[in-house]
Each structure stands twice: as structure tokens, then as C-alpha cells.
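Should a chain be cited, it is by its letter among A, B, C and D, assigned in written order, with residues numbered from 1 in that chain.
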């Protein structure tokens, strides 16, 4: 076997590092516990996947940071493609809980004391990932608990990340930049219509069409409609502006037009990521509860309540789902102006 | 092809019924919506799986209802085997949410109005399943909401089921009957020990061993120990009695003895079912939120909050996980009396 | 509860039919076998999913049958969307094998004899699905075995389906119609280049670029290149013509251009379906082998070899994967003419 | 944050090694390809899981190597428990193919040339795992191909492993040692029966009962019965001896007796592992075919055919499935002697 001049699998993957990074504490202490290897390797593979998701997220954030995104470039395609990869990794991460659950509480006890106070809450890569997507320190549950578990340099890294626009902010900006309602393509529609203060006659027509779909007991939804799509104050603390909300709704409604196909897939992928992270947190909670009951976890007694709170509060993209309350059937949609229709299609 | 004298696949499966039970309302109304077929078939397959789980649960409840369960029969093996099948069906049911999520909100709107007020909340089979496992009407969230969605005959059926012992009650009885601490096999251990009011000297020893494992800040766990394992009042409204809790803990601790292998698998399977149902409810919540946002579901506006409450409250077997707070390492376990050890093993 | 005027869940789903279509033969014969219910319900849910996939496939074939597909309509989007649903259903179908595998061989024996000679090979819906995608009777393994298990009316139905274009044929036609190389948009490129008999100067350039990527031992691939993309005889019995192959390769290479995003997703989805069906057949083979060993299945002794042959031969869309041997890196791709580039993008 | 005296998560997991072991060749060469990170991390996580499975397998082999396995110890329980963990890891490994499949062929081409001739075929850990389970060098497909891809020291390691008993051999020995048919417990049954050369009267009775279940066209199965269970020559090159086969069949038939519950789970788990590895190989083949078509893989042109052959030939435990051809219904089983029945149960 001659591979002097070529790449060797084990060298390329640096298996000398990867496969020599497991030193069970229980062995060092002379009380070898068989299952500690599983504990180590499960966490190491999670960290590798976190690194991979960070890698994808950096590239996504990089693309979305461009001042304009040319729809004739591969930009949005790449964003969608890499979000789908993140989705695939989250699905795997959820499945991976099955493997750690093959460890019983009693098996865990055999080495648990050697680990104190190490805890998964100390995974700064996961925190970085959350921050890149848009979870802000100020919106986090248990800020002190959170800080207590991170090294100062990691807290600084995360603070630094927060200074740059996160994915949800970049999505907001991208949605705001969509030129559907502020350019010449709507001229014919605009001239004929009445906007009733709703920014553009299209929205006046849409609100009327939406109203027609409501049951009597749903009429209060109209208030929500005005708040979400036209009230700056209401959205001030939300992650998407009224303008961005309108673009998002428009994309959802007219996603059959070629120009909106990928934007729709992008919004849908973000919702999917939120859902998968929620499922992962749910599995995590159940796993911890089965493993240690109500005893303090390796992360201390606040751990379990932190996990539950993070499942219930640490959503990032679910603001996009809010638009779903205000959709109407295709057959009732206002017809677009012919100039806009043409703009949403291919040149050919 | 001659099969006059034999069974034919399509007849055996009654495919004439199964495959002719889809009549989309949107077609009847002359506004055919492509995705209504998916909506119907997803729900029909769920109902078929509910029927299957009921079938398994009936057999499990039947076995557990026997006044005594002979450990030299296949009884406990069968219970565990069929619980594992239920687990497998729940895993499939969770995966099935992926399929319904290929329907977008806009596609759902095309036929949603035709369905009112039908709703998944009207699935009485699922309610029956919950009742068989031990969810009582009085412990349910939103009792009025619950009743409103069921036909009187189904409410009656469920009430009837509640009159019979549920699985959690039968598990309690089975655990209470375990003869570990009330017969002659402990004579030698008993005579030498002191029970300090803990029913049996074993528990006195165990509590001492457990105390030794506690960190200073965990000392309050001792209170929990006494409540869970020795306080009738504390457990009066809980589903397992102190005696049953003690047996469950004992099984978890000494599950390596052959006689306890299957009982341990049984307890573990119940926890797994609780966890899977919780994951399924979480997926259900996310799916509904993506599909209809905050508009009233086909089940009315209370639907979403009912789903969330049921995810947070409708646990049945998680009382078993409470024992996990009170485990200790194998190396610290009190040694069993030799007569008991022999009793926990095979005759050979 | 008043729902006289509305739709009721159980009625809408026709649960009276669905839930009353299970009559275990072992019960009728007075030797009730617990697991026969599982056997029935697993097969009924499969048949429901086959119906759903047929429903999707009919709509896909309907769209693809149009003489021209307007890229500014939702047509290709819908085809891709529904193929992805079929993918999701296949993923579920594979997972469903886990459920049937909770039945042990001994449990199956308890009712197996009552079923003879019924067999899953008698599922005509699955055969119809294969035929709609493009599996022809003449390409099937074990034609006599196949016929023996179907009722005459089902054989006729499938023969009838074969008279209409299948999905693979429609995909071929759609690829052939792609106007990339036969219209005015390439004028500038054409005039300057030399086609060397490769239909268009682009291919001459591409072949040169491809040649540059080959290792010495790969040079024989050039022969394959000429056969696959330019030899009518070689492709005469294959499902895609040279022209269609060229279009497919072009789509794979330039999929970053907006006009080609959905066509690429379409080709990729077809490959995914082939892969999933192969995985499903593999699981099916293993399951049967675990269940009945080498004894004749309910479908007779030829069943097992039929299953293996169908896994190895009944691919439909893997001809698309053949193109993968002839890709080159993006950086080496011939640059498209500016008129074509513009044609592949949005108008805006 | 003070953790001077305790364990820190990142140190414990040696994240400095784990997260600094990714150096994409394409970056080093100045032509950074985004997807190379995924390629590296997917393979590194696989290697971590291989290490984990080796860890489990070592412990399993260690237990099974004991000259006698006390059924009143936790031995068999532990073997089954750890086999189930291996099953869970294989299920995850199959799911992980989904993640690598998010890389398209074109994305792979961007860095593929930098990797030559590295190849997954150089994973010696996987080869070690196969060898520990019982795949022998002499039974491997493509021995030269196999050797060419391994470093001499790894070939030596694997040769060394082959000198020790593999899992399948240890399972054979354990089955052979089962004392069901060679001790005093069958005295009463023996005395009354006739063995007709079938080693023990039980088998004579069983063969008669089996014969009664056969259809006329299945009568040739009797030959297989004699070969598998009583012919030393026939089994000489097979991995299980006739005696072991008889024990395996006996376990399958009477698994409802407590003593046989865990042995049955053990045999079933081995079959499950074979099936999962076969599914993983199938997914691997499809993935490679989609990624590089018929071009030589990074492992050279023999790679694809090696993969297919390994899927079809590298089964280890499927000899256990052979027993499934010779099961009969519970109701027809010969009744065991009362002394044996008692021996198969608990003492209590």
C-alpha cells in the first residue's frame, strides 16, 4: 500500500485527535463505569454537529448580509439549501436522543459524581448558534443561570455576535427590501384603488377579502390584522416590522409565482427549524427527567426549569407563523396587476 | 388465477370498504381541493393505529387484571412485548406528522370551511385509549371543551371504561402485591436490622446509604424520600401508593436479578409511552400552529390551549420517573439476604 | 352537543367502514390469534398510503401530460411539491416496517395458515403505482408469478395504464422539449463555436472540459459520454433519449440559475423516490426472511426471489443518476451566452 | 464562575481536540469548498460511533468469553442491553445518511480531487467491528481490494482479532453449552421416547409435529431439517453447529419460559443488527451512486461493486434466521417434561 503522495483517510480526518479524546473520569479514578464512554461520545458528536450548523449559519448570515440579494444569482437558493441541511442535522440530533436513552439512571449514577459540575449548559457552541439565529441575551430565560455556566471568554464571544445582525434581523431586512409595493410595477393597480390608510390599495382589497372569510366570532381577528401589518408600535418589540410582515404574507399567498418559490421555501425552512428545536428541547427535558428525576442535574437544580422555560420561550422564527392566521383561499385572492405578474415570472 | 377456495388479499383486508371511504367534501361541493384526500387518509390511518393500540391495551389490561400474575407464565413477557409494540406505533405516529406537514396552510384553506365543525378532538378512540391507560375525566384539562366534542354515546363509553381499573391502577396493584418485604424470605435480614419506622430494616439501611450520596444542598431530598415512600396522605391523590413506590424503586435498583428484568422493562416501557405521547402532542401543537396560526381550529378557539395543556398535564406514567431522584450507585446498595437473592433467580 | 347542521369527524372519515373492516380469520375459526389484528391493520394502512400516492401521482402525471408546461405557472412547483409528499409517505412506509417487525415468527404462525393463499403480491394498487411511474410489464421480473397473483380485472387495469404515458416517459418528453439548444438564444455562442458532431458547440466545449478532469484510467468514460448523450441506438431501449439526457445534465450543471432550480429539484426528487423504494424493498426482504425463513411465504415459494429481483431490477428513475458520472466542477463550466443567461433568470 | 476545583464541560469532552480537527484540504489549497466541512464532520461522527460500538462489542465479547455464564448473574441481561444500544447506534447511522445526502454531486466535485486517494474503505475501525462480530478475512469479498486500502498495522490488528473467538463463535459455544438435552432434567421424557437417531426423543417428536404442518409441496423442507439440525458435514463451514442450531430453535419455540426470555432477546438482537447493517449498506450504495455515478469513487473503481457484494455477502448472524423455516405453532409444540419446565422457571 503506497500512499506517500496522497491523502490518507485517517490522517485527513485527524483520527489521532478524534479517537484519542475520550478519557473517562471513572477510569482515571479507578472505578471504571462502562457507560461513561457513551456519555462522552454522545456529547462530542453533538458538539461536532453544532460546529457544522455554525458553519452553515455563518454562510447563510454572510449571504443575507449583502446589501442587496440578486434574485438572478444563486444566493437565495444557497440559503434555502443550507437551511435544509440544518433541518436534516436537527432531525438527526433528535434521533440521537434515542441513543443516550439506552443509558439507564442506575448506569449514569456509576460515574455521575465524577463529572460535577460539568454540564451541557456549558456548551457555548449551542449558545452561539442560538445567538446567530437571533436569540438575544435580554430575551433569554434565567440570565444569571446562563452566565454562571459559561466561561468569560465565551460570554464575550456571544456578546460580540449579538453586535452583528442575526438571521432573524437579516430576514426582516430582506423582507422589508422586497419591492412589491413601492415601485412602478403597481402603477395601474395603485391608480385605480383606494388604500384606506393601509399603505397600498392592494392591502385594502386584501383586508376586504379576508373580512369576507371570517365567521362572526372571528371578527376580532381584524384588529390583529391591523396590529400585525400596520402598527409600528405593536411590532416595535417584535422581530419583524409591519412592512416585513406584509412581505412575508404576500410571499405565502403568491408563492406559486416563480420569483416567490424560493422565498417561500426560506420562510418555511425557518419555521421548520423552530419546530425541530422545540421537539429537541422536549426530548431533552424528558430524557433528563428519566435520568435524574428531580435531583439537581449536573447543571444544578435550576437546570430542569431552565430547560422547560427555554422550550416555551426560546422560539425565534415563530413570528412567521403568525401570518398563518391571516391567509385566505387562492380563489379569493386579489388579482395582481399584469405588470407585477410579469415581474414575478421568468423572462423567457 | 384460481382462488375460489382460498383467501384473497383484497377481500381479507376488506379493501372495498377501506378504499371507498374517502369522499372529499370539496369534491361534493364542486370545488375539488387536491389536498383534502391527504387530510382524510392521514386521519383514517391514525384511527386505524388507535384501534390497534386499543387492541394491545385491552390485552395488557386483561393480563394485569388477573388476581395474581404467575412469574413462571408468559404474562409479564407478553405485557412488555405489547407495550413495546405500542411504543413502536407511537414512534410511527410521530413520524406521520411529517406527512401531514407537507400540506401548506394555503392548501388547507381550500377545503377547510367544508369541514366545520369536525375536529380531531372528536376522536373518541384516542380518548378511550387515554382512559384505559388511566387519564381520568376529573384530571382532564378543559372538561367542558372535552365533552362538547364528543357524542353522548362516546362520553358514556368512556365513563364506563373509567369504572374499570385502568393500567396505572393495575400497575399500582401489581407493585403492591410484590412480596419482597412481607414474607419469610427476609427473615434473616429482618431479625438483625432496625426499621426505624420505615416498614422494613432494608429501607432503613437504604435511606442511610442514600443520605450518604447527597450533597449538602440536596439534604432536603430526604423529606421527599419520606413523603414518596412512606406517607399515605402525600400519595393519596397520586396514582401509586407508598408501597407501590417502594416496589418500583426496588425493581429499578435490583433489576439485574433475573426475576426483576421484565418488571424493569415494563416500568421503562410505561415511561417511554409517556415520553412519546408528549412528543406527539408537541408535534401536534407545532403543526396546528403552522397550519392555522391563531385562528380557531376546526375544533374552535379553545383547541390550541387545550393541546398545550394536555401536553403539560396529561401525563399518566411519569410518577414512575419520580423514583429516579432516589437511586444510588450499585456499589452502595445494601446487600440482599441470601434467601431473597435466591428467590430472585432461576431454579437451575 | 349539536352538530346536526355540521360535519362530524367520525362521519366525515367514514369510521363506521374503516373501523369495522377488521375480521381476523383466526377469530372466525375459533382460534383467535392476538397478532392477526396487527397484520390486518398494517396492510390496510399501507393500502391507504398507496391510494394517497396514486392520488398524487395522478395529479403529477396530469400536469406533465400538458403539451407545454408554462414555467411562469405553478405547474413544476406543484409537481415537485407532490413528489416531495410521495417521498414523505415512502419514508413513513419504511418506518412502518418497524411496527410489523414487533410480530415474531411464532406469533405469525398462530394465524398464518388461515390466510392462504392471500399475499401482499396481490396488492394491485402498488402495481398500479409502479406502472404509473413507468415500470413496464415487459421489464418486470417473474411475469408469470406477477400475473398469477392478480385478478384479471386488475391485470386489465394495469395494462390500460401502460397504454398511457408513464411518468418517466413524460419526464423524457419534458426534458426533450427544453429549448436550451435549439433556439435563437444561443446564436452568439453557436456562431463562434464548433460542434464536432455533438449537436451544439456547447457540448463540444463541455466534452473538452470534462476530458480535462479525467484521470488516465478514467479516459474510457469518454466513450460512455458519447453513448449516453449522442447515440440514439444505445439509448433506444433506455427510458431517456440522448436529447433528454443532455437536458438533464444541463439542469444539474446550471441548477443555480433560477429557471433551473425547480427542474433540478424535480430530478432529485425522482432519484430520492427510487432510493426510498429500494430501501423499502430491502426492509421487506429482511422482514420476510426473519418471519418465515426459507419456507414459502403466503405468496408461494417464488416470493422471496421475486422480492430480491424486484429490489435489484425494478428501478425506474436511476437512469437520471447516470448523468452524475459526467459532471465537472463549477469553476470549469463553459460560460453561457449572455442571452441564455438572461433567459434563465427573472425578468425584474 | 469558579470551576478550578471541578470538571469543566469543554475540558472533559476535550473539545480543543474535537473541534480543531477539521482542516478542509480545499481551504489549504486556496479553493475553499463550503461542503468539505460536512464531508469531514460526517465521517468523524461515524468514526466516533464506530469507537462506541467497538466499546460495546468488547464488553459483550468479554462477557460471552466466560467459560460459563451464570443465568442468575446480570451477564445475559448486559449482553442484550448492550446489543440494543448497538442497534440504536445503527439506526442513528442510517438516519445520518440523510445528512450527507444534502450534499449534491456538484458540491462534492468542488473538493473531491483534493482527497485522492482517501476513502471510507480505509476505515479500520469498521473492519475491526466486522471482525469482532465474526466476519473473517477469508469470507470477505475482494480480499485484495480490502487489503490495498488498509495500513499494514491495521491489517495486523485485524488479523490479531481474528485469532480470538468472534461474537458468532461465542454465541455458537454458548448455544452448544445449553444443557437442555444432555442432563438429568429430561430423564422422564427420555425414557418414554424414541429418538430415531435425532439425538433426543424431543427432536423426534418435534420433527413429527413439524411434518404435520407442511403442505405437500413443502415436504422437501424435511431434508433441510435434517441437514440443519443433525448433519455435522453440512454445518462444517457454517457458523453454527447442529447442536447450536437445535438450542437456538428451542429458545425460539419456548421463549415464553422465563429462563429463555433473555436468550431469545439476544438472538433477536443479533438478527436486528444484521438487518440494520444491510440497510445501512443499501443506503450507502444509493448515496455513492447518486454522488459519483459510475465514476471511480475516492476508493477507486472497484468500490461500488465491493459495496454491493458486501451488502449481499457480509451477513454474519443471518444463519439464525434459518431456524425460522422450522418453527411450528405453539399449540402443536411437544409438551416439556415437568422437570425441565420447572428448570426453565423461577425458584419462587
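By definition in this document, a contact is a pair of C-beta atoms (placed from the backbone, for glycine too) under 8 Å apart; a residue touches a chain by one contact, two chains touch by 3 or more.
What you see is a predicted model; the values in this text were computed from it and never measured.
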Chain pair showing more contacts of the two, B-C and A-B: B-C
Per Cα centroids, the chain farthest from subunit C: B
Averaged-CA centre spacing for the pair subunit C and subunit B, given as whole angstrom: 39
Distance from subunit B to subunit A - Cα centre to Cα centre, in angstrom: 32
Residue numbers of subunit A (touch at least two other chains): 255
Sites on subunit B touched by subunit D in the complex: 71-74, 77-78, 255-259, 261-262, 342-343, 345-348
Residues of subunit D defined as touching subunit A within the complex: 1, 3, 6-10, 12-15, 17-23, 25, 34, 37-38, 40-41, 43-45, 47-49, 51-52, 55, 59, 81, 84-85, 88-89, 91-92, 95-96, 98-99, 102, 114-125, 147-152
Subunit A contact footprint on subunit B (complex, rising order): 31, 104-106, 109-110, 113, 213, 215, 217-218, 221, 224, 252-253, 255, 268, 271, 275, 278-279, 282-283, 286, 289-296, 301, 318, 321-331
